[in-house]
Amino acid sequence: MKPQVVTFLIKCPDQKGLVAKITSFFFEKGFNILSCQQYVNAIENTYFMRIRLSAEGTNISKKELENSFLELATPLNFKWSVNYDGKKKNVAIMVSHTSHNLYDLLQRHKEGTLNCNVKMIISNHDKLRYIADMFDIPYYHLPITKETKQAQEAQVIELLDSHEVDLVVMARYMQILSSKFINHYSERIINIHHSFLPAFQGANPYKRAYERGVKLIGATAHYATEDLDEGPIIEQNVEPVTHESTLENLKRIGADIERLVLAKAVKCHLNNQIIVSGNRAIVFPEAGE
Amino acid sequence: MKPQVVTFLIKCPDQKGLVAKITSFFFEKGFNILSCQQYVNAIENTYFMRIRLSAEGTNISKKELENSFLELATPLNFKWSVNYDGKKKNVAIMVSHTSHNLYDLLQRHKEGTLNCNVKMIISNHDKLRYIADMFDIPYYHLPITKETKQAQEAQVIELLDSHEVDLVVMARYMQILSSKFINHYSERIINIHHSFLPAFQGANPYKRAYERGVKLIGATAHYATEDLDEGPIIEQNVEPVTHESTLENLKRIGADIERLVLAKAVKCHLNNQIIVSGNRAIVFPEAGE
Amino acid sequence: MKPQVVTFLIKCPDQKGLVAKITSFFFEKGFNILSCQQYVNAIENTYFMRIRLSAEGTNISKKELENSFLELATPLNFKWSVNYDGKKKNVAIMVSHTSHNLYDLLQRHKEGTLNCNVKMIISNHDKLRYIADMFDIPYYHLPITKETKQAQEAQVIELLDSHEVDLVVMARYMQILSSKFINHYSERIINIHHSFLPAFQGANPYKRAYERGVKLIGATAHYATEDLDEGPIIEQNVEPVTHESTLENLKRIGADIERLVLAKAVKCHLNNQIIVSGNRAIVFPEAGE
Amino acid sequence: MKPQVVTFLIKCPDQKGLVAKITSFFFEKGFNILSCQQYVNAIENTYFMRIRLSAEGTNISKKELENSFLELATPLNFKWSVNYDGKKKNVAIMVSHTSHNLYDLLQRHKEGTLNCNVKMIISNHDKLRYIADMFDIPYYHLPITKETKQAQEAQVIELLDSHEVDLVVMARYMQILSSKFINHYSERIINIHHSFLPAFQGANPYKRAYERGVKLIGATAHYATEDLDEGPIIEQNVEPVTHESTLENLKRIGADIERLVLAKAVKCHLNNQIIVSGNRAIVFPEAGE
């Protein structure tokens, strides 16, 4: 059996001796440090750490560890979280019409490369139910109109909460979420936007890219915030296009970029690689994982 | 001796039989077609052709060829131009403070991979004169203030015109050109903007990219038009960056993208690979050249 | 209804007047040329053309067109083929253990972006049958041992031929095919190799890439030929990796490269974009299609 | 004045508590840790660290620091080195005929983005002396024949040693160096090879790439070892090419890849980002530097 891996994400004011203090703490508790990644934002004088520990040979319970860590964390003003990799996160995927991101996420989930439970698919249309059926995932069709918008959102929230969903993936869900919803799942909603933000924020990015005659098209995965398409960027990529690329071509090329960008962002989140700091996402690379 | 290569760029309303008519014309004149590239914009019903001919074994003069071609071109509503590759284009480079693009263009020119005469460097500062001296290119320092803006521009135009400059390369020239200037050299001014347009139009793109937390930075070479940073895009590229990248890092990484993007755009222009159509640049790839 | 599109692929000795002759031929038959792409290999003095025609407004049958074209083709020594896009190609996918390429191709097929009929999946293992079932494609499990190798291959050929398969896609089919098989489907078998060929030909490319400490890993789609991994390359791509990337990471990153590279190569083949010339594949880009 | 930055590179057998011990050591000496990067090779059970310290507010001399560190390092079996960034490394560039890498390195050096002293250029030809003159760097023309090979190499070594050269950059120096030379400057010679190794090791990589019909060409910077083109890879990159790309095109496209790859590798070395481990180079990314 693989030993339990424990991941701490820490954010605090920078000061001398932080690495020494934190790593000594875990060493004394008997943990082996698998990786220890840091980032210092010198402008804001802020320190970030992602540290992965092997619990092999230790007996300390999660509760005990947390209580003990609090004694270190409180005087140093840590904002922190801890994750035990034995506990998979629960994920809901929200979609409207386009299938490519959904297929991609479900394929990865089925192949075992997305470390999560896909609890449900929620859509304002019934169109993609057949994909949910193929992969044997519950599909909730919650249609939406101007009049029912608020009620529908309440239904969505109830569904998510009753299934203890940890992460909402908006895989081209073409509805604007309310501030209430966004804040309820702060830093737990990942959206895919089909342009290299901040270019072509808003609607119809491929069409506008075509009209602008760009030579690259792209996609951006970001945490959803109240300001649409303004949230912290997790992952972006682009592909070259030419004058020959029709709008249909752009959509097709873009679909592949979207798939990879969204999957990578979701993976980073599930893998506890991300700390949000204001409008920026600190995304630590995988460390031999 | 290499035989003369003649390149026609043609734009016209699309209709049946264009390729046949044009290629038959050149075949009958005794030219060998080295490459024949086309693009049809189906939305605007417009046809574009770039055709390269070997003049080997033909005796027809440029004048005769043009007159003869006019008989084909006029009834079919061609907009067209012809270039003989024996005649190098004259180029002026305009700079302010940053050296990397200038070095790069002059290096390529000296190594013989930019097919042009670099006639002069024009700057509103004296700072980069030493580079002009290294490469033995005339350097004109034409300082500019709010009051002298108009007069300085007149000086620039006079310089360019008196040296029969065919192409103006704005290699980070940090002054806004007047509409008069822009229109005087319509489709003959290439500008490098240090972002992947349309993201971060305007000033300080690297700073804004840093603040937005993007995961890619880029550069865009485009023809200058009256609307700043809105002209037809010739070439774009990006490089990945991370949260670790400081503003200084972004500038350094960006400098390399700028150099390659600008050099490629200039090369495409000098090589007669570009036809502008509205706000889009049709950039034909090299065809075994 | 979309008008029928007819695509000719032509290869012949280069000579003056070819474009004019070919395009005039189609013009006179009443076709509209949608795109006309050419390539001249100056070293081998060979000419290649891919020409797409709209049959709208013409009445000529395929038989008549072919007979008529023969009169042009024979004296000029054309090797040529013609495809009517109404007739979808039949495809068989061969797999062993790995699922990512198979999923990807079936997803694209289901989404309608691969213009073909996926007739069957053939495997030497039963492991991936569930995917065939999900997508409702016949799955043939034809196990293989040293003793049965020849017999199994005969079964495969019979299956392919009886279903009039036009293209065999080896999506990580981990068996070496006999020369007889390869030649029977010459230029109609596409293989994915999980390295950027010619690096790491043969077995275990990811392991060898790890050991060599490369900073890029890649994948290559090529036509299968008798010399393993030596066939004409259709498409290649790479992704950056670092010293942190474990062998498992390389495999996971590589899987995404493989998926895109194989899908693109298959698409190019189905779309009649490829002419093979010796050990090189001429792959014309899409032309506004 | 910028405070002194001290960089330690450490390699040792992995064991519990290393981070804590090392960072505590520096904390107690009064250093502020600017960045602390680690890598654990789990297969070989080896630990690697790059730690950058600000000496601001400390008084300890280099000698004292080294002696003190030895007491930590010896029982833990560290292989280590320490660099003070105030002391620039001395660099020699070796070239033969091609100018693009030389120009590029000298440009960066002149612009202040390569943190080193370029002490000299050594060539077996006199061809590129004009570039040395442009940038005002001493140029040593040491011609070589079969008969004088050994003597010439002795001259090179004497030159390098008398100028205390820390790094030799082979910027397309087309001579094979003896084992003696290689070992004399072990892990201090960076070579650029004009292919994505291990593909096309040896001579004429562009020609062989053309003949193989690859769709990507690349370049590789690596430490020179006795086995030609087999040394630890520092940096690699590729660019897409097509069937249209002639051998001349490949060379031109490749030149730009070479320039960037070599410059990046040299920068990583000068910046103390690299630890060699067997045939693999651990290249830590810049950490907010």
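Lettered A, B, C and D in written order, each chain numbered from 1.
Here is the rule we use: contacts are C-beta pairs under 8 Å (C-beta built on N, C-alpha and C of every residue); 3 or more make two chains touch, one makes a residue touch a chain.
Just so it is clear, the model here is predicted, and its values are computed rather than measured.
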item	value
Chains touching both chain A and chain C, listed by label	B, D
Furthest chain, CA centroid comparison against chain C	D
Same-residue or different-residue interface between chain B and chain C, half as cut-off	same
Mean-CA-position distance for chain D and chain A (Å)	37
For chain A paired with chain B, centre-to-centre distance based on mean C-alpha positions, whole Å	41
Residues within chain B bordering two or more other chains	39, 42, 242, 244, 246, 285, 287-288
In the complex with chain D, residue positions of chain B that touch it	99-100, 103-104, 107, 111, 113, 134-135, 242, 244-246, 249, 252, 256, 260, 285-289
Chain D - residues contacting chain A, complex	16-20, 23-24, 26-27, 32-40, 42, 287-288
Contact set on chain A toward chain B in their complex	39, 42, 196-200, 211-216, 218, 232-238, 242-244, 246, 279-283, 285
